[in-house]
């Protein structure tokens, strides 16, 4: 792996996939088009998996998470297609604003804030390194945590986002895998935030829909980077 | 069969049970206690069969016939037990009035009228012959037909009551059997009166609940006479 | 079911109604709900009633400007004559009583017997039969068209006439006029469960519906694969218009059968209004809600009533009942 | 389901609402329902909203004496900030706006963002969170108590204060007071089906019920074998009283979740009143009906609100909305 390992990912569980044959290694920096590609792939993935997300939300929530994100990401791709913003930061801020204006529910402001804060942190650089992006994403994830008052372990999207942001310093693949593991790890947890918290013990044994959609977003990122 | 055959039952299909070992032959006349016994047996039978009557009414009506008659006949036995009327006519008039005051629906006024009219026809005779009763019952059945504007063949209680009244001239058993046949014969009919008529062709293939309860009443009568 | 035992459902509901509506007199023993100020001096009293399970019809329509009394039967079972006799005696101020009767054999017979008995007691009784449901052909081969949503129009408009002090013949004539100009058509998306039976009155597989249902949980005239709100509106409105052919403006009642969410019902109303606009029928007033229900049945009905100026004025007149309330 | 496609359910309902209620302004594009006379000079505007599927809450409570505007989100999904910003701008007469927000993460976040944006536009915004549901313990381990039936009390009573011309701080204080004195407990006898999912949100076998449910089709805290109306009333009222311990009279809301027939709901009210009498809690007013619903869920909730003289006066004050209407 020619790129430097982000210091804070040192203690994270290593990726089992060490081939590293993604565009990570070669590209070096990522421009606005890359971020548009990411969100376009994410939108397609959310659209495909909407029913599964809704099904998960039906078990411990209110059965709308899939429809919410599908609506929001469709709006995001529409605006990005119509007027592609010039910088990575602008892409993310635009996309985040669009999510806030179209999703509603808990996930709208939270995902919207994630993208907006990450984008703002990137400033107006025309292209960013993965390390820089990882740093910005951590800022975005912190903003989500502040806004919703949740921590990793509360059985929310943060259980996927926190480890993913940390692992992004290592590689896109590592971020994807960390998010997937984080989402799976929500199954035995008892929810402390969001609607699932109303269920108390009965939330145990179900995977969190928001953590699952976060894993989809990270998988889309890894795919965009391939 | 020592008793005279009622002239109008001559053409009716003969009873398959020719043993005639009921109290018909022996008693000659029937007093108030007999009519109370009839209605008490009828009440027990309606109570036992209430769910089946409701089930039948559920198919082509509104699922209340069993509950209606159960409520009404319970009220009838209560009043007859408390103050047993002195004559057959008074028993039937009292019972009919009670049905009218407690059943509601279509069957309340119809069965109420059946008993009241039959009872009125019997006047204040202290005991009546089966032939006299048969005559009075025909008057009661005619009153039902006038009140509800229905005829035999319309898929109503009249499909059991009309042949039963006619056969009662012959024997109690014949009346019971005629009522049972009449009730069964409603299955292929298309309803023209009552709620079942709303279903048009879809009423075909179901047995009429009112004809079924009329058959129960006639079976109770035969049992009382045994 | 949210009940104690099936036998006490109606009495329990009346006790609960009494607690919620101190402005009404609720005679739980006789199952009669009355205006507190009955008899209203010099005014005709409207008395209606029928089987329970159609709430808020009828007791929810008792109050100034609508019914003077309502008699509650068992679930889907006409009340008994004694109830109507008692109601008539309680609301008659000498100006007479109008019985509003939905056209079902049971209701017709019980109200008829009651009218005879009440007249024996010296009350002047007129009767109007409501038979607005076009799903049933009114012929020798049926018990005649059923009374459904049109009942609300009859009770509101005749109630307003009575409130104005119109004499019995006039109130009766108004009621008859409203009924003659009202037509309904209903659709079920699920069956309902009566307390006694405890399970759905008929089997309706998911993805199918019943067209031309009444309000007693009986199946309709025809079963079909599920239709969209748009298609149902087309079908129901056209079924009504085929029979009504209004030349003037109409009142529209877009009624829920009980379990259809208001969200869906309002959406259905949008489609009903669309069809009416396409058919060039002006709509004077629209009422959307669960008013003439069938326990927990999912579904809806559309009732149209062609109105002239007088009927519209009477519709708009103040009404103060648990379920309908406006003006003053 | 009586719909066209799941995606258009909310817009269709708003169009239908516009047709039925010419006395309201319905902005279908922005999903905001407004009083026709907004902004009301010198008066605070109450703005509420939330996911759809709880009708008549909130749009059915828009009108004189209650809400100035309601924002409709997708089914069970909080509206987006843009809607509340638009509503605030439309109803602000300079006297400021009170956001009435049910305590759900989504609603809280979206209304918070809206408040910030509206204040940027020069509108003075106060917020009150409704969290009356005692089935959820308000602790670090939950998102806090949910807002359910108490919302109706807050919107009605604060709406009356606004109508009287009380300044923003006062309207806000009244709203807060009502919320602090309101507690609810809900029970489901069936799950509900959202348009998107098209099937029940959870499996509830016949003969079982869920205790401690919210209004979003989520399961409750506990599943039990079916209870009688009497037992449910005991359980629900005691759950509320354990938390509320009123020393004075209460308002009682006996609320249906959508598919429970009014007949059953009134019967349930009789049991609720019985328990309250047994517990020696005087009931000042009772409201029975489907007001804060969960689509086609069968079930009920009980909300009690301890009132002083002022709150009772404001409750009794005239209100003119599609779903609540009295006085004047």
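Think of it as A, B, C and D in the order they're written, each chain with its own count starting at 1.
What we mean here is this: a contact is a pair of C-beta atoms (placed from the backbone, for glycine too) under 8 Å apart; a residue touches a chain by one contact, two chains touch by 3 or more.
In this text the structure is predicted, and so the values were computed from the model without any measurement.
Asker: Keeping to the contact definition above, tell me which chains border both subunit C and subunit D.
Answerer: none
Asker: At what distance in angstrom does the C-alpha mean of subunit D lie from that of subunit B?
Answerer: Spacing between the chain centres: roughly 55 Å.
Asker: Can you work out the whole-Å distance between the CA centroids of subunit A and subunit B?
Answerer: Centres of subunit A and subunit B (C-alpha means) sit 76 Å apart.
Asker: Averaging only over C-alpha atoms, locate the centres of subunit B and subunit C and give their separation in whole Å.
Answerer: Once rounded, the distance between the two centres reads 33 Å.
Asker: Which subunit D residues reach two or more other chains?
Answerer: In subunit D, residues 75 touch at least two other chains, as defined above.
Asker: Return the residues of subunit B touching two or more other chains; collapse runs of consecutive numbers into ranges.
Answerer: Where subunit B is concerned, no single residue meets two or more other chains.
Asker: For this structure, enumerate the chain pairs that meet the touch criterion.
Answerer: Applying the touch criterion to every chain pair yields A-D, B-C, C-D.
Asker: Sort out for me which residues of subunit D touch subunit C in the complex.
Answerer: Touching subunit C: residues 1-5, 8-10, 12-17, 19-20, 52-53, 55-56, 60, 75, 189, 228-230, 232, 254, 258-273, 283, 286-288, 290, 293, 295-296, 298-300, 325-326, 328 of subunit D.
Asker: Quick one: which bits of subunit A touch subunit D in the complex? Just the residue numbers, please.
Answerer: Contact set of subunit A toward subunit D: 54-55, 58-64, 66-68, 71, 100-110, 147-148, 190, 192-195, 197-200, 202.
Asker: In their complex, what parts of subunit D are in touch with subunit A?
Answerer: Where subunit D meets subunit A, its residues are 6, 51, 73-82, 104-106, 109-110, 113, 135-136, 140-143, 146, 194, 196-197, 201-202, 214, 216-219, 221.
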